[in-house]
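Here it is, the structure, as structure tokens.
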């Protein structure tokens, strides 16, 4: 079977695969983003317990590989009596793993906001929450975006691990096509292009966000 | 530049103390910055702190603003002890105090008007409109009525510092702390900021604690000058006397180098 | 502070020009900073540039140091055209010029001595020992002989600035550019740096171009003061005349605010 | 559910795989750390004939899966030993990330430092080597550490090109003995034990270099 | 996301078949490996799904709900109750029998080697590969690795590959000298890669622990679902006892009368270590 015919025939599955990949990436990234902030803020808490806990969670999920985490969530957890649908496993594993990395980004960016800004908020008597929300985070945000972008692309590229847990992502679908046609070159070339397009779209979005955040700080083009 | 303001000085009859430092010690590690420091500032008084670099002037203001914690001793504000309070009460106590920083520290993520209205809205619970009105009055006072919708990064240093003063005043503090508010400015811009502060000193009864190297300004607005060295007040008095006939040799040396 | 130095002034007989600006234009985007600027500095002359903030004083020094490129016109140094050279020749030409920055810009990854010896070793090809000897002499000159093996971050601002001066001098430049070398310093530390510069001015024949707000210093060491505004020299003359009877109103206003 | 005996049996095999994982990570990191620096420096080249193509390569390599890159090289260069390919490709892939890290570090070196170097007529090589890089690299060491850890955990991809690294061994052992739970738990524990000290070290460095 | 607390413990009830009948479908796991179980366009195809569809229809379960997954995830997925049966033509081995239960053999599949066209190393079987120092590719977590080791191929010369296509690509690229797999798989692989310079050698029976390996494959069930397995076996037997029906069902996937399992070959025996 020629690659092209097979490709056209399996377009529906490829489209499914792309959707799965994008869905897992976005949901995973969303959870990771939330966790990044929760863990990143907790890591700066004044309470030793909160700090220690956040630290432990971060070290644990950063320290074990995503592959192993997925395996645990999918295969081991049901034996213990909890069964998550595959996509939920994926989102949870991506969220925890990249959330742990992201929390370091958040922590670093918050630390990079000049201390003087924090002092100004104290002098204006804002509550800790107001300080964070109104002054510190808006300034830290543009700094976080480039490293977040790196993480997002890494997350996108981790989605092939999904085939381990019965979710057929785009890599898996293209692999099927590759087996069916024996045309490794064409299949992988298409796959490279798909990933590049997806990743580049993400990069463009992130660049846009960064420019927006910087404009709000009066940096760059207003 | 040395026009005095006899009107205000006679109208003030200071009765109660605004700030009391009682045997205050501040150490960083084993480096003692303030060494059993004692002094008082009466309500409505304008006090200037002078002294060599590293003598602890900034530290005093930062302790008052609760940006640092005292190592020993007690600070009182309006007769209430102020050090060692839990965060919540601290926040209530802090309301009486405003501070203007050497580096302005405006929030770059907000326009000028929002810089001024943010705290009144968030902390005092004013409505946005009320706060904006108050902010516009203050911008008028500092001569920047037309810059309300500009980003602070687009302003000159002198303009930024005047916005910072307006921001501090928007909280209607009883006590205003000023830490070398002109030393980051170009010489030509210094005058504008000092003029604004002089106007405020004349128009209100606010208690002021200034750290400055502008001796003209110190002479001009202050009721009293405190000379610091070695973590203590080594000399204090009205500016006329301090500048013309300093008692301590250290004060004489210092003034000789700076004036 | 206003002691003149008649000895040096008479000994100099300036024959050739060290620096020539010939119809120099510098634009950033559509903002013209220097507008067909013309001026000359003779060899051995000490010139001070004054003018309001943003008038382009720093830009002139940066153009000379080739940190910026001219938009139009020609700059000559020691009679050689200097602008628009390819990088390699530029590097050779640049050797005649040394610059001291407002923010010192010492290399934090090198000790004080290495900061000073780095360029002589790398650029002039001196041996480490030779360079170190020269550096120690210079450290002596600026009063920091004991700080050779310290990291610059451990020094006070005034000390850092003196190291920066020594570093520039270690290259034995013909022309020394000084951009507000005291304005980042605490008032008490200013004097030490100015004293060092005055010593150098007296001891050598180096051509100096200073931007400064220290009018006392300008009066003290300079042969000529240039007043800038709107991208041009609006007035120039010996400091005595400039400070006592400025011709232009702009100069008068400026000096009124700064002095 | 959990069988200690099986776990003990699997440990030596998995540890053997860990040796390869460690080797690949160590050498791969070296490639990434050196090459990333080179890319970052070239990214500042004065001509855009260097900058733009470089940018395109970085963007492309960073955006596409390392698994396919490994496979492609493995198939296209049959003479090369798989482990070598793994180290080079993994290192190259991560060099794209580290180059961004270095770039940030270089950008963070104050402009004044460059200008001081110009004012002293330092030649470009010396400016980079003596002034800029020592300052830039110091700042980014903690961030680089992150990528070393994350490369460590991406070594399982090497199994695609028949390198028997740790997760492969765990997988093999798991399927041979149907002891996936034991096998993967051991692998997870080894990952954790190995990366925790690294990340401690990084925090220490971060604190030391921060001031 | 959905969490079902408490359903994780495998539903080992004898009512599983009843439950399947009631819900009208059975969840099957497959690995996307032609010709055993794979997706052809959008339909489930291959040896196992075709047989299983026939069998489950006879059992009153009309629909197969497929889950595509990695081969190495099949048994863990079954254990974790992700599906009820594995339709992947999985080889019946004692090791696997310790964790799951197998149906009676659905087919036998002697092993074969795929080599570059012209068979430059003159290989015949794994023993010859061992003798000639050839590098042999096998699939990760598949039985051929054990066959190769038993035939004397040193561990360093056995290369584990993730996928069949990887094996062919490795062979073409010169990474391996031979690719060991069931003759059925290899024939199919050669068919899809009709342009590739490879050939499949004649099948042989590898020897493991002194016995010849027929490499029989079957359906896989969770340990405590014997009654479902037994019901399955009854229907399977009807097909395997009728070679004409057998080949008409799965002949197009390369299964001939030669692949019909001999009646003497019993899973119970195969599972004995």
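Order of writing sets the chain letters: A, B, C, D and E. Residues in each chain are counted from 1.
Criterion: a contact is a pair of C-beta atoms (placed from the backbone, for glycine too) under 8 Å apart; a residue touches a chain by one contact, two chains touch by 3 or more.
From a predicted model like this one, the values you see are computed outputs, not experimental measurements.
The chains in contact with subunit A as well as with subunit C are B, D. Of all the chains, the one whose CA centre sits at the greatest distance from that of subunit B is E. Averaged Cα coordinates give subunit A a centre that lies 19 Å from the centre of subunit D. Centre-to-centre separation between subunit B and subunit D, using Cα means, comes to 51 Å. Separating the centre of subunit C from that of subunit E, both taken as means of CA atoms, is a distance of 83 Å.
Multi-chain contact residues, meaning those touching two or more other chains, occur in subunit E at positions 72, 76, 169. Multi-chain contact residues of subunit A, defined as those touching 2 or more other chains: 71, 75-76, 79, 184.
Chain pairs recorded as touching, per the definition above, are A-B, A-D, A-E, B-C, C-D, D-E. Remark: subunit B residues 52-53, 156, 186-189, 191, 213, 254, 257-258 touch subunit C in the complex. Note for the complex: subunit A touches subunit E at residues 1, 9-10, 12-13, 71, 74-88, 91-92, 163-166, 168, 172, 175-176, 178-182, 184. Listed in rising order, the residues of subunit E touching subunit D in the complex are 72, 75-76, 95-96, 98-100, 137, 140-141, 145-146, 159-162, 166, 169-170, 172-175.
In the complex of the two chains, the subunit A residues touching subunit D come out as 59-60, 62-69, 71-72, 75-76, 79, 101, 104, 108, 146-147, 150, 153-154, 157, 160, 171, 184, 188, 191-192, 195-196, 198-200, 203. The part of subunit C that touches subunit D in the complex is made up of residues 62, 65-67, 91, 94-95, 97-99, 101, 103, 105-110, 118-119, 122-123, 167-168, 171.
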